[in-house]
Amino acid sequence: MESLVDFAFDDSTQRLTEATREFIAEVILSVESDLVGDLHSISNAARLDLHHAAAVRGLLAPTAPLEWGGLGLDMRRQAPVLEEAGYSVVGPLAMNCAAPDEGNMHLLARVASAEQKERFLVPLVRGETRSCFAMTEPLPGAGSDPRALMTSAARVSGGWRINGRKWFITGAKTADFVICVARTKGSPGDAGGASMFLVPRDAPGMAITRNIETLDSAMLGGHSEVSFEDCFVPDDSVLGEVHEGFAAAQERLEPARLTHCMRWLGAARRARDIALGHSINREVFGSRLADLGMVQQMLADMEIEITASRTLVLRAAWELDVEGHAPQTTAITKVFVSEAVDRVIDRAVQICGAIGISNDLQLAQLYREVRPFRIYDGPSEAHRWVIAKRMVKSHRTLA
Amino acid sequence: MESLVDFAFDDSTQRLTEATREFIAEVILSVESDLVGDLHSISNAARLDLHHAAAVRGLLAPTAPLEWGGLGLDMRRQAPVLEEAGYSVVGPLAMNCAAPDEGNMHLLARVASAEQKERFLVPLVRGETRSCFAMTEPLPGAGSDPRALMTSAARVSGGWRINGRKWFITGAKTADFVICVARTKGSPGDAGGASMFLVPRDAPGMAITRNIETLDSAMLGGHSEVSFEDCFVPDDSVLGEVHEGFAAAQERLEPARLTHCMRWLGAARRARDIALGHSINREVFGSRLADLGMVQQMLADMEIEITASRTLVLRAAWELDVEGHAPQTTAITKVFVSEAVDRVIDRAVQICGAIGISNDLQLAQLYREVRPFRIYDGPSEAHRWVIAKRMVKSHRTLA
Amino acid sequence: MESLVDFAFDDSTQRLTEATREFIAEVILSVESDLVGDLHSISNAARLDLHHAAAVRGLLAPTAPLEWGGLGLDMRRQAPVLEEAGYSVVGPLAMNCAAPDEGNMHLLARVASAEQKERFLVPLVRGETRSCFAMTEPLPGAGSDPRALMTSAARVSGGWRINGRKWFITGAKTADFVICVARTKGSPGDAGGASMFLVPRDAPGMAITRNIETLDSAMLGGHSEVSFEDCFVPDDSVLGEVHEGFAAAQERLEPARLTHCMRWLGAARRARDIALGHSINREVFGSRLADLGMVQQMLADMEIEITASRTLVLRAAWELDVEGHAPQTTAITKVFVSEAVDRVIDRAVQICGAIGISNDLQLAQLYREVRPFRIYDGPSEAHRWVIAKRMVKSHRTLA
Amino acid sequence: MESLVDFAFDDSTQRLTEATREFIAEVILSVESDLVGDLHSISNAARLDLHHAAAVRGLLAPTAPLEWGGLGLDMRRQAPVLEEAGYSVVGPLAMNCAAPDEGNMHLLARVASAEQKERFLVPLVRGETRSCFAMTEPLPGAGSDPRALMTSAARVSGGWRINGRKWFITGAKTADFVICVARTKGSPGDAGGASMFLVPRDAPGMAITRNIETLDSAMLGGHSEVSFEDCFVPDDSVLGEVHEGFAAAQERLEPARLTHCMRWLGAARRARDIALGHSINREVFGSRLADLGMVQQMLADMEIEITASRTLVLRAAWELDVEGHAPQTTAITKVFVSEAVDRVIDRAVQICGAIGISNDLQLAQLYREVRPFRIYDGPSEAHRWVIAKRMVKSHRTLA
């Protein structure tokens, strides 16, 4: 049968999507309020309980490959499942498809050696361990511009010696191992020459020097500064090819951008549902809020932006599944969705008024949680810059 | 094989899309500048020449059913073809898939009798005749609110007598027949009771009373006021069921909204290409325009909005193909695309500066052409109102 | 000398403005970081220390009348002084011109009896006491629509008995007395019939039933629910005329809206300065951030919106000073400034990137603090509704 | 008396403002519809009739100095008068305060010699002659970046020989003399070295080579390309100092920006009045348009942006009056007002629906007229760039 534009999912994905929705509604929403505001420091036991509840329903690690213990969903199939998971900020954590572990599983599955997979990937998929990805450095180091990478790894007998400083490393505090990107060739500003290293949490010379307080509070472990001072790692710690770390990081980045979008889309839907319910149940000036034109405008704009976001995510997911790469489409999607989600939640807050900015509803938290999404994994401006450069490159002058 | 989200097209649609692109580039762009600004009053001979050029390449009437002489594309397949056609404002006219004829073909194919199809549809598909759709009335008549319909058709011996006044009837001046919506039951404000009539241009009592000057100038025949004074039409002029005109008009509306989006998306792409080319070829302050951050931001935003619009159109087209109806999704798509296209063209003008507001480029015209799109086929506000009402209706209160 | 448009200030206001700037820079910024994030619960001693520091420099209670111990500034003169104070979220508290006390001083000065002024106003101006204003009720009570007022005060021997429930009462937890608005005539929905009562914190029957956690954290005492259960107050507790509470509350509202704008404008300027400094000191992709076009666009938009906000505030202040009332202009100003300040701070966060969402800078807090400003003192939508109604009322049909 | 923020006008300005309002209402609005759409080519006789009508009421040349025959208003006093004049696109032309003559009068009054004033300024103020300002060149010549100036004037015996090409020269077709900016020193890209020349329309070697069709149509004479081929002008044609043309052009630019804002603000008010009247008189879905929330939102946003624009204009005008220069404030005002006016008119179109895009109302024309305002006198992006650079320059690092 020939290919033709289609938006339907196969039965098993539909079942999984529905099962995720039920899991969130029946299990997660009831525990959410106890955990929310405290996700930076949820206990290991509580996390394992959540994993167990997800595993019982067959919902653990949906994005990880089948052969390594996950549900093996491709990007398209991840879209509806991660959106349902993201309906609660606790959902992705419970199902072990939250950042940064989810992206790290993807990376390990692609570039790790067989031994590394057994040692690092398998327990990570099972939720027995946690990981983090240490790329970002204080300016003028690696950030929007990865080539600015300053942390270095020097060849020494039997391994490498890492020196440098990383920050905004999400999950470092709770990570059992760190994937550290360090320069093994060239100087800050050079386009290549990075390598990736698997560094166990107790590696001498690596230390968490600070937990950074931030606007958001739903990432397990929060965000930390990590220092490497003559931190030695043996040869088998190299993840992927030496000097090819930038390309490998890119492997991680495109799908990771997209899974962020999927999860946050769930948060946007949550906000819409809260605001919609509120607008139906409250009266002001003798009318239901939901019958006032300005509220209807906000409701409609929420729906428009959620629908547009969801179709863009599917478009990018399809391209990633089929082509393996989709740098322009994932960049477009990341910019659009991160900004749309922000507006959706802002409107939800506005519709709910005073109660919208209180913790009585989840909106005040969501308002805090989504703002960083326009910055991490590349600020909107960096993506727009790259999008425009690609446009110029591909432009053929009109006759 | 089970269904799964897909964005690819079958080979024949890809070939047709490519053929349309070539037709526009090779044939239409070279004659466009002679016609542009004058499309309200292009001669019949010139129009038939364009049709012939399209027919030679197998590109005439892509949206009309195969059995009635068209190319028989479903909504999804129409999307890329009409986008290519819309790359020039002359393209859809040349290929006989411009409004309002294209929507009228769709309507006739769905609800006309066999005799009506032979008499009205077949020559329309061939481009031998032109048509118009007379629904809108001066306020307080039918407009955003169709139920306000005031034009009436009274039962008389052997037929109906129509009285009323219509305005902003696109193409009336050049139409060989008018599809007139008139009330056959009830009073203005009632939800039902409309019927549709096929009125030949020489029907006594029907007159074009005024050509309305408007911001746009690319619709053949322009926009007119049409009056019906005791205009008699025989029984076989009724199109579809008596009293069921609102439902039938709705049949026309959903796909017509979407084909508008497809065509205007082509115009947006044209604007982007012009601005992109300009930004690459011009220098200011010692830099290429395309290398300035604020220009890059506008370029990227064009690309983001074009991509989002295109995916939304496909989403709605798929739903229409599969479900037969897609009122919420076509409304969402119409609002988003009409507003996005406007912004895309506005940015193109801004990037090109003084030359952007001159007729040296096509942007000044496009700027005028697309503005009405946020109003016709329902202003954005009317769609947002309906979108919000449907959201409220489908909301189930959260636990 | 005839009047003519002027934007200059007299010498003494300029000196006071400069003195405030120095006070914030020299005293407040150095203690701010210890207090920030904790303003909901700053100790009384710490607050009195701040007042003392302000008083020493002649900066205490700038908005209160001279005769009652304040600096007696009119609205225009308040504008630059409160903007400087607002440069730190601690500034207005230190100078005893923060909400809600500042508005309450204004109200007491206008409508309180001589005895009430001695007892309530004088110590409030000195900073010896704190107050709150209890108007807002849970829906369907008084909120955007004050007429929905449900809390009632019944005439009893020697006084009044108040029953009802208030929420989002800022500063209730730390208030020595509460100004409670209650209905003394008519039913919820009626346009008149409210009265205001001065209720001491230890009045039997009044209780703080809950502290409401919210997005913001810079209002001393936070926001609370307050219940009145057969709360008796004697006759001399009535503030202003019986049944005229709505009009009196309006007296408070217009200047209070405006002083909010003044203070938040200082916050916007702070955010701009932080982002500007950051953009000058950081490099990315080989350029200073401040030299990148997209950053320059954000910087310029900050400056444009700050300047427009400041001029609008002055316009409204002048009208209030001269006319006594400025309902349309203060509504316009409140909507514009509250939304502009939000955008300014959002851009500052974006420019600073990851560090912008951390507590290393003050931006993450400001981002949280200003969001409620689009809701309290009337959400933007309620103001827009009233603005439009006034436009319709004052419209004379064009010839 | 000490200075203090004031928004009132002296009596004579109030009278002049009122007289202008009456002139527009009583005289101009009735002839406007005959002229509109044709202002590019209004006859000289018709223009002189309009001037006469204005002169009879004492309203001719309000911006020109008293000693040269004008009303001698300073910038602040010009604001309300030019806003009233701009209520009709014909108003400023009638009162001889339209671009480009108005800016040229300002320039001549500042830098022309006594003889030049007698010969060029006096008849221009009287409306006996028309002028144009020839600065802009096709890229890569002078535009957003004046330093790119390519047109040159070479010293020859007894005068100068000008060579070069200008475009988008407004009013060239109807101008009796051209103020031409040409390079007398240095090369394109150099910061200085320009001079200005007064070139009579019949100067040999100067020719209008093309009239450029544009989106707008309300500038007398339209916009033209002008070529200089060995065009000789005698020594006394130099306007101002040799080599100091850039600085002198800047003298013209700041007030010219602001008078544009004043006039277009009148157009925005006109659009608001049309839309407001329409929304009061039309019903849809059983409600007045003016009672629908989404329409109220658009109405309120019009009012907010008009008010903010007007206060910004006054702020900049005051600064220009007092300081002589206000580069940052006029740039801020130009960006804000040009974009706000565009949005105001766009909303007016939207409120009026189909009739809004027809020539039945003036909105379709206004929609076309105001778009170029975001480009001419410097596109928004160029102004934002300069605004940001000034911010960086004036920033003192925070302690």
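First chain written, first letter: the chains are A, B, C and D, and each begins at residue 1.
Please note the rule applied: a residue touches a chain if its C-beta (ideal position, glycine included) is under 8 Å from a C-beta of that chain, and two chains touch if they have at least 3 such contacts.
Quantities reported herein were computed from a predicted structural model and do not represent experimental measurements.
Student: Out of curiosity, which chains are bumping into both chain A and chain D?
Tutor: B, C
Student: Taking each chain's centre as the mean of its CA atoms, which one is most distant from chain C?
Tutor: Between chain C and every other chain, the largest centroid distance is to B.
Student: On a C-alpha centroid basis, what's the spacing between chain A and chain B, in Å?
Tutor: 40
Student: Taking each chain's centre as the mean of its CA atoms, how far is chain B from chain C in angstrom?
Tutor: 51
Student: What positions in chain C touch 2 or more of the other chains?
Tutor: 292-297, 381, 384-385
Student: Looking at the complex, which residues from chain C come into contact with chain A?
Tutor: Those residues of chain C that touch chain A are 136, 139-140, 143-145, 148, 167-168, 189, 212-216, 223, 282-286, 292, 294-295, 349-350, 353-354, 356-360, 364, 367-368, 371-372, 374-376, 379-381, 384-385.
Student: If we count contacts the way the header does, which residues on chain B are in touch with chain C in the complex?
Tutor: On the chain B side, the touching residues are 292-297.
Student: Which bits of chain D are touching chain C when the two form their complex?
Tutor: 1-11, 13, 25, 29, 76-77, 79, 273-274, 276-277, 279-280, 290, 293, 295-297, 299-301, 303-304, 307-308, 311-312, 314-315, 317-319, 322, 328-329, 332, 335-336, 381, 383-385, 387-389, 391-392, 395, 397-399
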